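Letters A, B and C mark the chains as written, and numbering starts fresh at 1 in each.
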Amino acid sequence: MPYQIIVCGGLAPDPLQTLEPVSSPAGPALKNEMMLPAVFDPWAGHALYEAAHLAKQHPGSSIKVVSLAPKAKLQQVMMTIAQKLPFELVPLDGPGGGFTDAASIAAVLADAIAAIPGLDKSQVLLFGGWESATRGAGTVMQMVGEKLGITEQFLAVDELTIDADGALVIKERVEGGQHQVSRCTAPPAVLAWATGNLSEPANHPQTGMANMRAMMPALQKAKPASLTSALTFADVSLPAVTRQTRIVKDVPAAEIAREIAEWIKQ
Amino acid sequence: MEKILVLLHTAADGGLPPAALETLGVAQSLGAAWDLAVLGANAAAAAQSISSGAGKTLAVEGDAFSQSRYSTDAAAAAALIQASGAQIVLAPGTMRFNRALPGVAARLNGAADTHIVAVDPSLNVHRWFYRQRMEGTLTRSTRPWVLLIEPGSNPAATTAAGAPAELLSVPVETRTQVTGFQSPAADQQTIRPGASLLFVAGAGWTKKQKDGATHTGEAGEIILGFVQKTQSSLGSSKSLVDLSGEGQAVLPFLTHLHQVGQTGSTPRHRKGLATCCHGEEPHVVGWRFINERRAINLDPACGWSRGKADVLYVADAFEVMRALAPLL
Amino acid sequence: MTPDEAPELKPLDADILCVGFGPATGGFLTTLTRGLGEASIDSRAMPGLPPQVLCYERADDIAFGVSGVVTRARAIRASFPDLNPDEIPMAARVTDEKLVYLLDPHGASRRPALMQFADKLIEACGGLLRAEHQGWALPYCPGFLHKRDGFIFSLGQFNQWVGQQVMMTGLAQIWPSTPVAGPLVENGKVAGVVLAADGSEVRAEFTVVGDGPIGPVGRRIDETFGMPPGHQRDEWAVGMKMVVDLPDSCDLPEGTVFHTIGYPEPEIFGFFYVHPGRVASVGIFVPSWLESPVRTSYRFLQHFVQHPYLWRYLKGGRMRSWGAKSLLESGRRGEPFLTGNGYARIGEGSGSTNVLTGSGVDEAWLTGVQLAEAVLDIYREGLPFTKENLDARYTAKRRASWLDHESRIAEKARNGFQRGVLQGFIGMGLAGLTNGAFSIPRPSEDKHVRTAEDFFVARLSRSEIETARQNAAREGKPLHDALMDLCGWPPIEYDGKILVSHQDALLMGGKVQAPPDFPDHVVFRQAAVCSHCASHLCAEICSAEAIHVSTTDPQGVPAFDREKCIHCGACLWNCPDSNIEFCAAPGGLHSAEN
């Protein structure tokens, strides 16, 4: 059967950047947030690649990416992501940082998804990352699912297969390096992905150009999302991480091994 | 202070996981009145075993609730929260509750915060943002408010048995069945959350060594041998896991589950030993909760030397690990 | 688009293709999209739609261009008459500008006798001249050098600001992380480009070549169509800089600019300017006419930031960003054919940099604007993109503008540096003050990099050099550090903040990346040539320690580490035998603050 796959995914600062918090009248923010290069949130990216993989196997499936971020940044990041696989973008213009309230984000996303024309809940698979690289809360997908009335939900998914009966067979990460395997008879379902098993698709300029024909007008028309927050921050700070590193140099391997063995046994 | 509900679940064997007692410890430290609610296999007995000091003691159990599953867990948790009437809910941040409770909060028009490492009596909670790069202290006015306490970040409570639990009946509606678990065979399991030592292998193990050749086979033997002998937990850098994923002749036992760092896990172990990885910031954020850190790297100016490790051994990891094996 | 409609790998069609997104293409796309927005122009490739305009950028983000810029911004301001620097992160108006002569506090640089005399004079009359901290701010900054009515930018942030505006018009697409392997040349005409990732062709009626002086499209076009008589690209520099969080103790206001000469070597020019938010850009230019085989810019940069004149502001600061790039310093003499059938050249790769005023970004922007105006005319007139039509509209416009006028003045301004550093300064002054009427003639043979034995003849013994060389070879390291140590340059005391190892600069500052699925983009063409090479200038100049002399390769072919390369391209113009191919590849710097 075809699936309507909806992938929720925001932006995160390029992971290599140095991050620092600052206070603003609206609460904490990231220093130079608009300057920092952004990437599509890594876990949402895994969800998107898995969506493409599933859609390819099930003709007639569609992928829509619902993304809340400052739209100029979103446009910039889409120029990379849109080259990887075919999808439609549902852009929402709003703050993309980690200090916004997850509950408010979930409400905005749920409203945007509910308003997608032609949405057939019996075909919906709601994908996203299990956490964002910004807030790292791992709560948005479940709340969006609840607001859309989807009560089959899976967190930290690493694998989805469709069995002969059309049921979803899902592997979720659980404690201790294990996977829990579940069978869900049919959509709709929420799958919040961990890393999955697929590598990042290579860029295809043709795909990018074709995607952009619809994305550019959508981005131009993206409406500002109205977020509310019941959060009050008392403080955001960088941890003091610096240790006094003792550097052991020019010492025979055997001696180092002895020292390490002793430390392990302590 | 507002009344608290301590919401717990049992493990598959009917016992309470360590994270449950840690959450109870946090609740007790706040000095407020608290109710206790437990869901899962053998929930009523488990609840009674620690209910001394609780106001109400509630439980949901039965076959449908012994499985870790969103639909049934969410229904049970919502019923327990409503039956208690408490507006502040403390729960352990296990995978089971991380999955279920944010949705429950939304169902009850409340909010949930996860990965909480500490709670003040003023209900300011502490948690990490941007992949453990910065710590925030926050509170919120939304109720009910579900606070998921990060396992391993608080001491366990001292408990005593108390009043028996009142069992709630919750209707079961689900399209999902848990069919089992998959894990490597016991002798191949290399992720051990309870181990005191984390051993991290970096991409350097697969690079050309002094003789101009790679020695990936030996690297694999050294790493696995060490991890099995010391019963430590194995972690890896992203670059090495990515290499394994691309089907190259590298270290086949490494998967994304082993990845420590910005796009991987942030495990909690008392000690950590890093080998052949450079100690860049995106990797080291995964070490946030490793107390004692040592690293072996050929580069004296690598990231570890800049205050990220307690001790950096500037040496060939192959040589050191070969010499280390017989000493363990 | 749905997953079912995934396109096959077939040639793409567009109307206009741009290669490289820098200030020239920024000017081009800004002007073009405005024009397309105002006029009703139809695509010739896809009738019924507006012209399909694509831009391919090699780097992983449009903000990853390297350069701090102090510019008069005449052309940029003409495009944005109400330009408000507050809208662009890290931008500020120039508030104070000084040209500073730096003495050598270590006596380790190689200064001509006259310069040594000047040094002594300044030291002796320091109070009178108001020299301080081993530096003397010249009382006069020649008119041709000043930027006092201009702006300070971070080029990365400026590019990002421009790119976002261009894309929001919906009339042009800028694709990052998309390296172009080369032009598609058919029957003497450029018919599009070939992408490096999968070899697919993108066809267009018109290709805009703005991929800079080391870009593969520009270089292939030069190989195919040749250079105009008497023109060649033989003068270069490595520009290396860092962006620094200034310490609390620094009280310099934003907009402060220092241009420096004299240190760390007399041939190396430097700069220091202060952005808003207590951030500074500090860097140097290491030119091709520096005869020293000691060429690694990073060590020079470390000494430069520690010069007492600057260190009083920088000490205690923290490196936020770091990077390097090659600059084409041939000026107008490096200008290729600006147009051909189906293509035109803009920006630095088109020889637009003014080597007298040391200004390139604004000139590059103007070339883009001029080309866009020409393209709009050609569309309005319904003409094909022939060399003739482009020359009549683009080349003619460029020739009639201040850009060409000033570049003629500058054309011979740096000739003197091929004779000596003092002759170089005199030549610049002569050309600048006489509007190019007088200059020092270029010698019949240019300077070239000398062997260590030859260059250090009076300072180091042959045995010292040979021992250093053997040690370096054994450890697979370049020779420069050992030679600088022997010459009396003090060791660098790392503080982990602003003074960090070269590799840490890559990680902390440049945040260098290489995607896993591309082959090595630096290729040593013939092993036999490398095996006879004694200088290994490719490794010596490498801005990122990505090339090192191999200790294991039997033919002595240097080893290349793709994961460290920042795509500065310096290896390309330093190889004395032109034995290096520098191919298109994504990756490199991941800092948006340069």
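Basically, a contact is a pair of C-beta atoms (placed from the backbone, for glycine too) under 8 Å apart; a residue touches a chain by one contact, two chains touch by 3 or more.
Since this is a predicted model, take the numbers as computed values, not measurements.
Among the chains, the centre nearest to the mean of all shown protein C-alpha atoms is found for A. Comparing chain pairs B-C and A-C, the larger number of C-beta contacts belongs to A-C.
The geometric centre of subunit A is 20 Å away from that of subunit B, both derived from CA atoms.
Per-chain CA centroids place subunit B at a distance of 48 Å from subunit C.
Once the centre of each chain is set as its mean CA position, subunit A and subunit C turn out to be 37 Å apart.
Across the assembly, subunit A contributes 16, 18 as residues in contact with two or more other chains.
Counting partner chains per residue, subunit B has residues 242, 246, 306-307 touching two or more of them. Annotation for subunit C: no residues touch two or more other chains. Interface of subunit C with subunit B (complex): residues 494, 496, 500-501, 503-504, 507, 516, 552.
Here subunit A touches subunit C in the complex through residues 14, 16-18, 32, 34-37, 52, 55-56, 59-63, 71-72, 75-76, 79-80, 83, 85-88, 202-214, 216-217, 219-220, going by the rule given at the top.
Only residues 13, 15-16, 18-21, 28, 30, 42-43, 98-99, 101-103, 106, 133-140, 142-143, 145-147, 151-156, 158, 169, 171-186, 190, 194-197, 199, 230-239, 241-251, 253-254, 256-261, 263-264 of subunit A touch subunit B when the two sit together in their complex. Those residues of subunit B that touch subunit C in the shared complex are 212, 242, 246, 278, 280, 299, 301, 303, 306-307. Touching subunit A in their complex are the following residues of subunit B: 68-71, 74, 94-96, 98-100, 102-107, 111-115, 124, 128-142, 173-184, 189-193, 197, 230, 242, 245-246, 256-257, 259, 262-264, 271, 273, 281-282, 288, 292-294, 296, 300, 304-316, 319-324, 327-328.
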